[in-house]
Amino acid sequence: MSKIVRTVAKLLTPAILLFGLYVIMHGHITPGGGFQGGAVFASGVALLIVAFGAGRVEQFLKEHQLSMLESGGGLLFIGLAFAGLATAFFYNFLVGSPIFGHVPAFGPNPGDIWTGGTIPLMNVAVGMKVIAGLSAIVLVMALASSKQGEDE
Amino acid sequence: MDALTAHSSILAIAIPLFAAFLTPLVGKLGARTRNVFVVVVLAFVEFLVLVLARDIYANGIHLYTLGAVSPSLAIPEHYMVPVRIVLEVDGLGVFMGIISATVALAGAIYSISCMKHETGQDRFYTLLLLLTVGMLGIQFTGDLFNLFVFLEILSISGAALAAFRTRFIDAVEGGFKYLIVSTVAALMVLLATGLFYGQYNLLNIAAIADVMQYTALDKIALALLIVALLTKSGGVPSHWWVPDTYTPAPAGTSPMIYAATLACMSTMFRVAFTLYGVKMSVATIGWLIIIAGLLSMFVGVTMALRQTDVKRLMAYHVISQGGYMLLGVGVGIAVLGDPQALAAYGREAVAGGLFHVMNHAFFKGLLLLTGEALFFRLGTRNLNRMGGMGRNMKWTCAFFLIGALAISGVPPLNGFASKLMIYEASYQLNPMLTIIAMMVSIMTLASFTKVFQSAFTGPELPEYKEVREVPLSMKLGMGILAGATLFISLFPSLVVNTIVYPAADALLNQAGYIGAVMGGG
Amino acid sequence: MTRFVATTVASFLLYLFLTTASGAVGLWSLEELALGVLLALIVAALTRDVLKGDWVRLLSPRRCALLVIYLVGPFFWAMAKANLDVAYRVITGRIKPGIVRISPKLTNDASITLLANSITLTPGTLSVEVEEKTNDLYVHWINVDESVLAQTPRDYTLICGGFPEWARRIAG
Amino acid sequence: MSEFLANIPFLAVAALICVALYIMMSQRNLIKVVMGVVILESAVNLFLVTLGYREGGVAPIFTNAPGTLMVLPVPQALTLTSIVIGVATTALMLSMIMLIYRHTGETDAEKSRKVKG
Amino acid sequence: MSWLPAVVFLGVCIAIALVRVAIGPTVPDRIVGLDTVNTIVVVAMVLLGAAFREVIYIDVAIVYALLSFVATLFIAKYIEKGKF
Amino acid sequence: MLRKVAIGLTLIAFGVMFFAAAVTIRPFGEPPSAMDDYIIEHSQQETGANNAVSAVVFDYRGYDTLGEATILFAAATAVVMLFRKRKDEASD
Amino acid sequence: MIELQVLHAIVPLLIVVCAVLVARFKDLISAVIALAALSLLLALEFYLLQAPDVAIAEAGIGAAITTAIFVIAIRATKRT
Amino acid sequence: MLDIITYVLIGIGLFFNLMAGVGLLRFPDFYTRLHAGTKCTTFGSIFLIGAVVLQSVAAWIDGGWGSPDSVLALHAAIALAAILVTNPTGAHAIARAGHRSGIKPVQAVVDDLEDAKFND
C-alpha cells in the first residue's frame, strides 16, 4: 500500500494493540474479554500484513513463536481449570482470595478491576490463545497466497 | 482412587486435551518422545474410561457438574433448574467411550510407523488427540450446546486429518466435503438448541426432556436434529461424503473418523430415546429410521460391489453396515410406545444395533487399517493392480481375513452374533426387513471375497517381489483391534450381558436419565 | 531507546483516557495505573520492530499544541467549506473533475500523511496517489480551476491553501 | 398483524437461513458455498441473541448500568462461542479451497471434482 | 435527549448507502458504499450508547471505527492487484 | 433442470418450516428466564465479576469455552498443517 | 419506544437485503463486500439487542478477520 | 440552551449524513462518489459525536469529578479521533486502488496520473 497508508498503519498499530489488551484485561467489568480483545489484537496484525506485506511481518513474527504462545495460552487456561479440581473442574477458587478476590455487592456499581476470581486470568489465557491462533491463521494464509502468486 | 473415580469422566476428556496443547512443546524434544507421550496418554485415557465404566456398572449414572461447589450437585441449592454444564455418563456413554478410546489407541499406535516419513507429525498427533477428545466429549456430555461444541471439535480435527496428505487432491477434497457437511449439520444442531432454549430456557438434555411438551417447535427441532445427526453418521439421503472422506484419510485415522461417525449415530439414538422418548410419534420416526437403514444397506453394498479402490470399497461398506445399526435401533424406536413388544423384541433390537456398533467399530476399523497397510507397502489402492500379497504380508492377510469374515456375518465371529440379534428382533416386526438384511449380508460376503482374491491370493506380481510385511507398530495397531474382535467372538454372551445390555437399558430408561439430574425421577 | 519510552508514554496516556472514573487517584485506581504501565510496556516492546522512523519529535508539546490549533482552526473551517461545497454540488450536480499533480516539497512521511489526509477532507479534493520518492501528490479535484492547468508544476495554493506550511510546521 | 410485525427479527432469521441454503445449494463456486455457510452462521447467531432479548432490558453488565432489568446473558455467551467457532471453520474451509486450487486450478465444484461418487 | 429518532434517520442513510453497494457498477463503487456504511454505523453506535445511558457501550464503536478500516484496506489491496 | 427443481423443493420445504417456526415462536422480547435469572442474581456473589456474560463464558459455561478455545487451536493447527512444507515439494 | 421497534425492523431487513446481495453477485469480491456489510449490520443489530459483548466479537471477527481471510483466499484462487 | 445547541448539532450532522447518501447516488463516477461518501460522513459524524460529547461533558460537570459520564465523553472522543484518522486514509486507499484498477474519472478535464507510471 502507499506511503500514507503505511504511516497511518504505524500510527494505528500501537493503538489497536493497546485497545485489544485493554479489552482483554477489562473483560469482567466492561464488554469484552479474551475473545474480543484477541480478535482486536489479531486485527492489528492483519493491518500490518495488509500495509507492509506478509513477508515483512514474518520477519519479526515467526510462526513457531505463535504456536508456542497458543500452546501456552491453552495450557494456562486448562491449568486454571485443573487448579479448581479440589472441588470441581472449573471451580472458581480465587473468589474471596487476595488475588482478584473482591466481591462486589449486588446491583450496579462503578466496577473494580480487582474482582472476578479466575475470570481475568482466564481472559488473559484465552486472549493469548486467540491472538496467536487468529494471527497464525491470517499470516499463514497470506504467506501461502503470496507464494502461490509467485509460482504462476 | 475415590477421587479418581469421582473425577474420571472429566479427566478422560481433559487429559487428552491437556496433552494436545502440550504436544507441540513435547514435539521439540524429538519424535520418539512425542510418540511415546501420545500413546501413554491414550492408554491412560483408556484406563480412565475403564475406571468410569466400573463405577457406572456398580453405582448407576455418573454425574459431574462443572465448576459447582460439589460435582454431584447438578441443580444449585434452593433452585429448580440446572444452571451449569453437567456431564452425565450412563451405560451408553461409557459403552461408546470404551469403543472410542480403544480405537484411538489402536490408531495412534498404528500411525507411529505409518507416518514416519511425513512432515508435520506434531500437528498430526495434536489433531489425533483432539479427535479423541471430541468423540469422548459428545458421548459424555449432558448439555445440548456442549454437544454442539464437541461436534465441531470432531468435525474440524476429523476434516483436517482427512486432508492431511495434502499432496493428493482427493484428500483435500474429502476433507473439504466432510467439513462442509459437518459444519452445516452442527449448525442445525445449534438451531435446534436455540429452539429448545427459546421455549424452555434450558440447555440440559435431561431438564429439557423433563418439561418437553412436543409443540410444533419441538417437532421442527426433532427434524433438524435427526437430519443433522443422520447426515453426520452417513445415513443414506446424505451418504455421499462418506467414501470421499474415508478413502484418503491417512494411517490410523480412518478408523477414528469411523468411530466418530458411530459416536454421532449414538448421539442420534440419545436424542431420539432420551430427549424425546415416548413423547414423539415413535412409529413414524422409527419407520423413517428403518427405511433410512434399509436404503443405506442396499445403496452401500451395491455401490461397493463396483469399486476397485480397496479403501473406497470399505467406505461403501461403512454406509451399508451403518444401515444395520439404524435398522436395529429403528425397530426399537418403532415399538417404544408399546411396552409389551418392547419387552418381547424391542430391547433385543436396540441391543443388537448397539452390539453391531461395537463390533463394527473394531472389525471395520481393522479392515480400514489393512487397506491402509496395503497402500503403505504397495503405493496403490487399486485392486486390479494387486495380487499375491498373502505370501509377503502374512499378518496383514490374517487380519484382513478376520475382519472380512466378521463383517460378512460368518459364524462364529462376532459380526454373526450381532446380526443374529438384529434379524431375530426385526423378524418379529416385519419379516421383509430380515430378508433384505440377509441379502445384503450375502452381497457383503461376495464383495469381500473379491477383495481377498485380488489382493492376497493369485499370482505374485513381479513388481511387488520386494514387498515386506508392515512394521511392528502397524501390526500392533491392527492386532489390538483384531484381538478385540476375537475376544468378542469368543465370549459374545459375556460382552453382551456386561456392557451391551446396560447400554440398551440406559437408552430405554428415560426416566432414570432425567431423574439423575432433576432428582426424584 | 527514546522511541521505546515515547511509545510507552503515548500508550499509557491512551490507556488513561480509556479507563477514567475507575478510582480515587485522580480519576484512576491504583491497580489500573499499574496495569496501564504494564500494558504500555508490552505494547511498546511488541511494536519496537514496527515503528521504525523518526517518531519521537512528533510528541513534543509544541507540535501537539500546533496540531490541535490546526485542527480546530484552519482545518475545521476548510472542512466546513468543503462540505457545504459538496452539498451544493450534490444538489446541483455541477462538477468539473480532474486529477492534478502537486509538488508540496515535503520531506518526511508524517507530514505528507497529514497533508494528504487534510486534502482528502477539505474542499473538493481527494488524494489519489503519492509518489514514493518525491512525495508528489496526485489529487482528484472535483471542480478544476482552469488557471491551474496553465503551468506545470501546478500551483497548489488553490487546491490546499496553506496546508503544506502547517504540515511542515507540525510534522516537518 | 401486529404480532407478525413484532416478530420481524425471527422472520429475518428464517429468511437468512433460506438465503444461505439457497447459496449453498445453487452455487458451484466453492468460495460462494463458504459464504453461504458464513451467512448460516450469522443467522444462527442472530437467532440466539434475539432469543435472549428482553423488552426494556439493559446489557447484563453491572458496571455503571442504568437499571437491573437485564437481557439474558446465556445466549450472548453461546453466541460468542459460536462466532469464534464460525471463524475457525471458515478459515479451515478457505485454506482447503486454496489447496484445491493449487492442485486443479479451479474453484468450481463441478470442474474440480476428479473422483465421482 | 431524544437520540433515537436521529438513529432511525441514520438507518435510512445506511439503506441509501446500501443501494450504492447493490447497484454500483464497479467494485470500487461498492467499497465506497461500504465505507460510508461503516462510518454511519459507528456514529449510530455512539448515539445509541448515549440513548441507552450506558457509558460502557462506546467501546464497541471504537472497535468498529478501528477495524472497519482493516477490512477496507484488504479489499482495496485486492483491487489494486497487490500481493499480500 | 432436475437439479433446479430439487433445490427449489428443498428450499420450499425448509422455508415453510422456518417461517412457521418464526411465526409460532413466542413474541420477540418476552423470554422465559428461569435459568438466566439465577445467573443475573447470583453471578456477582459467586464469581465476583460485574459482567454477567463473562461470568457465564468463563465460569458457568467455562467448559464450552474450553471447547471453543480447542476449536480455534485445532483450526490454527490445521491451517498451518495444510500449508506445511512437504518433502516432495520440489517434485510436485 | 416506537423508534426502537422501527430500528428492530429496519436493521434485520437490511441484513436480509445484504444476504440477498451476496447471493446475487457473481463477482466474488462484490459478494465479500456485501458480506462485510452484512456482518457490520449484524453487529449493529447485536448492539440494539443489548449485547455489546457479542457486538465487539462480531466487529473484530466478522468485519476484520473474516473479510481478510476471504480476500486472501480469493486472491490466491484467482486466475490472472 | 444546552439542549438547543445539541439539537442544532444533531440536525447539522444528520443533514450531512443524508447528503452523503444522496451524493453517493447522484454523482456520476467513482471519484466524485468517494468525495461525497468520505467528506460528508466524516463531517456529519463530527457534529453528531460532538453532540454526544457535549451532553456527556455537561453531565460530567453536574455529576462531579469521578462521574462515569467522563467515560462516555472520552470514549466518544476517541471514537471520533479514530474516524478522523481512518476515514481519509481509507478513502485514499480506495481511490488509489480504483485508479490502479483502471477506472478513469468521468468528464475529466485533466488527468496527470494517467501519464505517470508506477511499478511498485
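The chains carry the letters A, B, C, D, E, F, G and H, assigned in the order they are written, with residues numbered from 1 in each.
Rule of thumb we're sticking to: a residue touches a chain if its C-beta (ideal position, glycine included) is under 8 Å from a C-beta of that chain, and two chains touch if they have at least 3 such contacts.
Bear in mind the structure is a predicted one, so any value in this text is a computation, not a measurement.
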Relative to chain G, chain with the most remote C-alpha centre: B
Maximum centroid distance from chain H, chain identifier (CA atoms): B
Intercentroid distance (Cα basis), chain C paired with chain A, Å: 29
Whole-Å separation of chain centres (CA-atom averages), chain E against chain G: 10
For chain C paired with chain E, centre-to-centre distance based on mean C-alpha positions, whole Å: 21
Numbers and ranges of chain G residues touching at least 2 other chains: 1, 8, 32, 50-53, 55-57, 60-61, 64-65, 68-69, 72-76, 80
Sequence positions of chain C contacting 2 or more other chains: 14, 18, 21, 113, 116-117, 127, 129, 132
Set of chain E residues in contact with two or more other chains: 12, 27, 31, 33, 52, 54-57, 59-60, 62-63, 66-70, 73-79, 81, 83-84
Contact footprint of chain C on chain H as seen in their complex: 15-16, 19, 22-23, 26-29, 31-32, 34-36, 38-40, 42-43, 65-68, 70-71, 74-75, 77-78, 85, 87-89, 91-92, 95-96, 99, 105-114, 116, 118, 120
Contact footprint of chain H on chain E as seen in their complex: 1, 3, 6, 9-10, 12-13, 16-17, 19-20, 26-29, 31-33, 35-36, 39-40, 42-43, 46-47, 49-50, 55-56, 58-59, 61-62, 65-66, 68-69, 72-73, 75-81
Parts of chain D lying in touch with chain B, wherever the complex brings them together: 17, 24, 30, 33, 37, 40-41, 44, 47-48, 51, 72, 74-75, 78, 81-82, 85, 88-89, 92-93, 96-97, 99-100, 103-104, 112-115, 117
Touch list for chain A against partner chain H, complex: 1-2, 4-5, 8, 11-12, 15, 110
In the complex, chain E residues that touch chain D: 52-57
